[in-house]
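Letters A, B, C and D name the chains as they come in the text, with residue numbers starting at 1 for each one.
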Amino acid sequence: MSKLNIGLIGAGRIGQVHAATIAYRVASAQLAAVTDPIASAAQAVASKFRIPNIAAHYSDIIADPNIDAVLICTPTDTHAEIIQAAAAAGKHIFCEKPVALDLAQTDAAVNAAERAGVKLQLGFNRRFDANYARARQAVTSGEIGQLRTLHLISRDPAPPPISYVKVSGGIFLDMTIHDWDMARFLTGSEIVEVYVQGGVMVDSAIGDAGDIDTHVTLLRFANGVIGTVDNCRQAVYGYDQRVELFGSKGAINTQNNYPNNSVLSTADSVHRDLPLNFFMTRYTEAYAAEIEAFVASVVNDTPVAVSGQDGRAALLVGLAAKQSYLEGKPVRLTR
Amino acid sequence: MSKLNIGLIGAGRIGQVHAATIAYRVASAQLAAVTDPIASAAQAVASKFRIPNIAAHYSDIIADPNIDAVLICTPTDTHAEIIQAAAAAGKHIFCEKPVALDLAQTDAAVNAAERAGVKLQLGFNRRFDANYARARQAVTSGEIGQLRTLHLISRDPAPPPISYVKVSGGIFLDMTIHDWDMARFLTGSEIVEVYVQGGVMVDSAIGDAGDIDTHVTLLRFANGVIGTVDNCRQAVYGYDQRVELFGSKGAINTQNNYPNNSVLSTADSVHRDLPLNFFMTRYTEAYAAEIEAFVASVVNDTPVAVSGQDGRAALLVGLAAKQSYLEGKPVRLTR
Amino acid sequence: MSKLNIGLIGAGRIGQVHAATIAYRVASAQLAAVTDPIASAAQAVASKFRIPNIAAHYSDIIADPNIDAVLICTPTDTHAEIIQAAAAAGKHIFCEKPVALDLAQTDAAVNAAERAGVKLQLGFNRRFDANYARARQAVTSGEIGQLRTLHLISRDPAPPPISYVKVSGGIFLDMTIHDWDMARFLTGSEIVEVYVQGGVMVDSAIGDAGDIDTHVTLLRFANGVIGTVDNCRQAVYGYDQRVELFGSKGAINTQNNYPNNSVLSTADSVHRDLPLNFFMTRYTEAYAAEIEAFVASVVNDTPVAVSGQDGRAALLVGLAAKQSYLEGKPVRLTR
Amino acid sequence: MSKLNIGLIGAGRIGQVHAATIAYRVASAQLAAVTDPIASAAQAVASKFRIPNIAAHYSDIIADPNIDAVLICTPTDTHAEIIQAAAAAGKHIFCEKPVALDLAQTDAAVNAAERAGVKLQLGFNRRFDANYARARQAVTSGEIGQLRTLHLISRDPAPPPISYVKVSGGIFLDMTIHDWDMARFLTGSEIVEVYVQGGVMVDSAIGDAGDIDTHVTLLRFANGVIGTVDNCRQAVYGYDQRVELFGSKGAINTQNNYPNNSVLSTADSVHRDLPLNFFMTRYTEAYAAEIEAFVASVVNDTPVAVSGQDGRAALLVGLAAKQSYLEGKPVRLTR
């Protein structure tokens, strides 16, 4: 069987991560073309991963009949447009999250892919992480019985540059988008109400940029489960990524990942080194696994693990959370 | 110096715990009298702890000029009355929580003690627990910097009898009362808003009795900290008592207490025995420490560790939570 | 039923611990007399625990027909003599470890008790500790299958005074005596060979006093199990008391005990406070449990949990270890 | 700068692991040729990793002037011969452990490489593992002060086939060889005495094949440190790989690695999934890191991390351990 030909659109940091996965870990696919507005970036990636074709523009990749699927690793404001173009050309699509920062563009893109009958998988990488996957398994296997409550903690080691904050769409669409997806994924249910308490606790410049940096949001799910999300742009001890699921037969708590499992006892304390503090290191395996899953979905024509509708649903929660924060009251979600 | 003479009012389970503390751990005090509506209970305690005087009624103890202080270990609906009587007689008072289930009675009792100039300490034993005390220390010492968020987990191993549920005042005043106090104690700030999500997830009979068994409540504090409380009447793995405090310089997470610290690795899993599942075993040391602190406050004439106002404040939060649950919206607290 | 009358011989640190157990935790026994060469010590203990009779000499206690049993909490060099005297008078005996530092005295004492038909329990308190008891249970229950190897770690927080080192009998009879007993207890088998590697690593003054402060000893048991003991007179992080048992169906590892179960994450590390570092705090419950067990053995006329033969066996291993160290070769034990 | 040309000798399991490292993780090197007695194996590896040249015999690779270095991934009994041939041809050499099962062949190979002035690095992969590396760092950094004792645990999940046991050289040269190296690496000192206690506890067929499956060995090091190695061919809970280092300023304990960091609490226990149980999964990163280090040593002409002398030293300890076991007494090492 011939290999799936992949076109890489966007040769930045995350584009390179996915390129490495295709090149080194996925036997059934190969990188056939790459493009990036910065030509040198495209060339570097092409050279490193032996990609035969450097395209001047993403439309050249989409127009290429040899290309079976594309990986969209460009800035968020280009996602919807590229998805629609790729869908129109019948290409299967893996796209980084979020599809867009508003519902209209998101729907346009997601609907385009559905109409075209192409696969569209979104980059909610945490679903593929061993800890979160184990937590989900504890629910689906019945190990912890009927789920009652959920607590998600996601804290970044340090805030992004203010320039990024300004175009990020705000914490609820940029950072918490992962937690909205995790909440849906782990409970297997839709969020029906959100109530946000938040503020600027890390850096007043984030407030000046019109965003907040810390929030705790109370969630209600369609299946009756109650949950919380705790987000902060800064945790001095590292990248804090945990969840607790509590049910009628037990609970599961994930712990952070560490660079090593050594414990030191000295005259001061019993201690270990700090958790991993870079998201690409923390989620190395999850990034690879999501691409492997995408290729498998295309090759085997099976449903993708994270659909466009999943992206739309997470966006809806993010928009409701934003509204809750601005209005200072609980917001019920409508679909 | 002569010993402080203590009168024990109520010889039930918790009364016996406090009697043992006075008898065995507090050199500066002694049990001088005991009373209980069940005469045999009073006699048994008197015999076990060599208490010289068995009183027919609590008023006899309060009338006894030899008695310096009383421990009120009777049902909640008698607390306010006994506090007022004891205060009027100039006795120092340790009283189990809560003072009462309504504000008027609570104020009457708390104010009576204040007017009389006697000590009134309430039985919020968790403040004296090594884990929670260490968490508070992490805040006051500056170890974790400026506090940002708080997450309290308190889950009972099994629900109480339905007969108890009916007279308990409801989960927010009975069970969560400890968490309201912990939240205030750990943050050093007042709760200014509560929003409850809750329901009946454990046993429909609890719902039939007019109560719920599970809730997660989102809190806002006067100092800007955001918090949550997760309460459930049933955790199959034991008595789940934990808190996470997150601040600008770090975080502290308390873990449960276990009957032993042995870890077993077998072909199935790496595991340890379940956490302690009885509140009296879990908080043995805290119960002793609160009585030691009360006696020290009386002997040294220093402020009590948990005041009547602390009891009033926790009650206010509980009432607001009840209102939030019934009305389905956030409730701001007024004082 | 009347209470067992106990005579306390030796009112020092450990004597007071046992007195508290009898006074506060053992309903079926009472302290009837106390003696100590330092009269003020005896008086203080008598006053604190309301002991009616202060004897001038231990022989007065032994001669007292009201006394049923004695607790021998005197210096080691007096144990054998007192045991023999008490046995001759038909008193049941709890004696701190070791019986004596040589075999002849040990045998004389142990045999005297056996001939007299009185109970003789030795103070190997660790058998009653929750962690070690759980480890033993993992063997007897079959949870870890057929035992293969054993690793005992026992490290003191700091070395004793040199004056004590000089009269202690040396590390193998003073400190390691607990590990010899634990090794026998946990495996349920006799040690048949020892080989010691050790030296002076903590303080040269210990070497000047004719002792060593650190050793690792390789053990062979009659049932084929292989074990090690690691002892050091100084661990800067606290009192290090652990064991690993490895068998055909699994392993059990005990961990140290801590003053609290809180974990701090800061910019430096993820850490917790140091383990308990005082043996009386670490083994508080074990000290109480061994006295409860002794009283129960006497009251119910059941075998003691730690016999004179157990003391003899541990001494034999200690003497063999000493020989192994001095001769620099493995020593097989004969009985 | 042109890339280092690597010849892969042996296309089996570990050869493929190293091939992947060169292909995917080492920018400064490339696979130029591969050989394997099983032609299809060589072809499969060549195809997967795009290796341009499939050699019929290792001597063809060694004779190829384009080849700069070889990776020897063949059975142990061919190592010494290939090392000598490669050294004679001026190729740098990475060779799996051990060089040989006897000292004469080992010396011939190691000396040949030294005389030829080529790099010779041996495959003691554990030195590159994050846990063991952190343990070594705790020594070299002074964090735990002057080292006193060392305890190595290495247990396989299941014994190898009896056919392998027969040609393995025995547990001391096959399995424990890693521990001898770790012991030297972690202490930074030579082993001067070994005393073995061991036996057949897992499978009598191992005994029938002339080997044992379990041992604990007591070690003395030149710098005075005392250590133990606990080896077993079977641990039902997985691949057990830990070390404890204890020193004057503290201790470090490494823990096993797990497939996830999730903890489950149910009505039975608080538990987590079993540790990783396959050496290639457990040491994935270490295998990659050792090859990266080898290439860096060649490219930068710096000393290798694990020398031929390290291999010789580990072999000497293994031979002494074998002698100790057979003779039933401690064996001092001579060099």
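Keep in mind that, in the parts below, a contact is a pair of C-beta atoms (placed from the backbone, for glycine too) under 8 Å apart; a residue touches a chain by one contact, two chains touch by 3 or more.
Keep in mind it's a predicted model, so treat the numbers as computed, not measured.
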Chain whose mean Cα position lies farthest from subunit C: A
Contact-richer chain pair [A-B vs A-C]: A-B
Inter-chain centre distance, subunit A versus subunit B - centres from mean C-alpha coordinates, in Å: 43
Whole-Å gap separating subunit B and subunit C, where each centre is the average of the chain's CA atoms: 39
Cα-centroid distance, subunit A relative to subunit C, in whole angstrom: 58
Subunit D residues counted as touching two or more neighbouring chains: 235-237, 240, 249-251, 265-267, 273
Contacting residues of subunit B [partner subunit D, same complex]: 235-238, 240, 265-275
Residues of subunit A that touch subunit D when the two form their complex: 20, 23-24, 27, 48, 130-131, 133-135, 138, 143-144, 249-257, 259-267, 273
Footprint of subunit C on subunit D - complex, ascending: 145-146, 148-149, 151, 153, 155, 193, 195, 197-199, 201-202, 214-216, 218-220, 224, 226-228, 230, 232, 234-237, 240, 244, 246, 248-251, 329-330
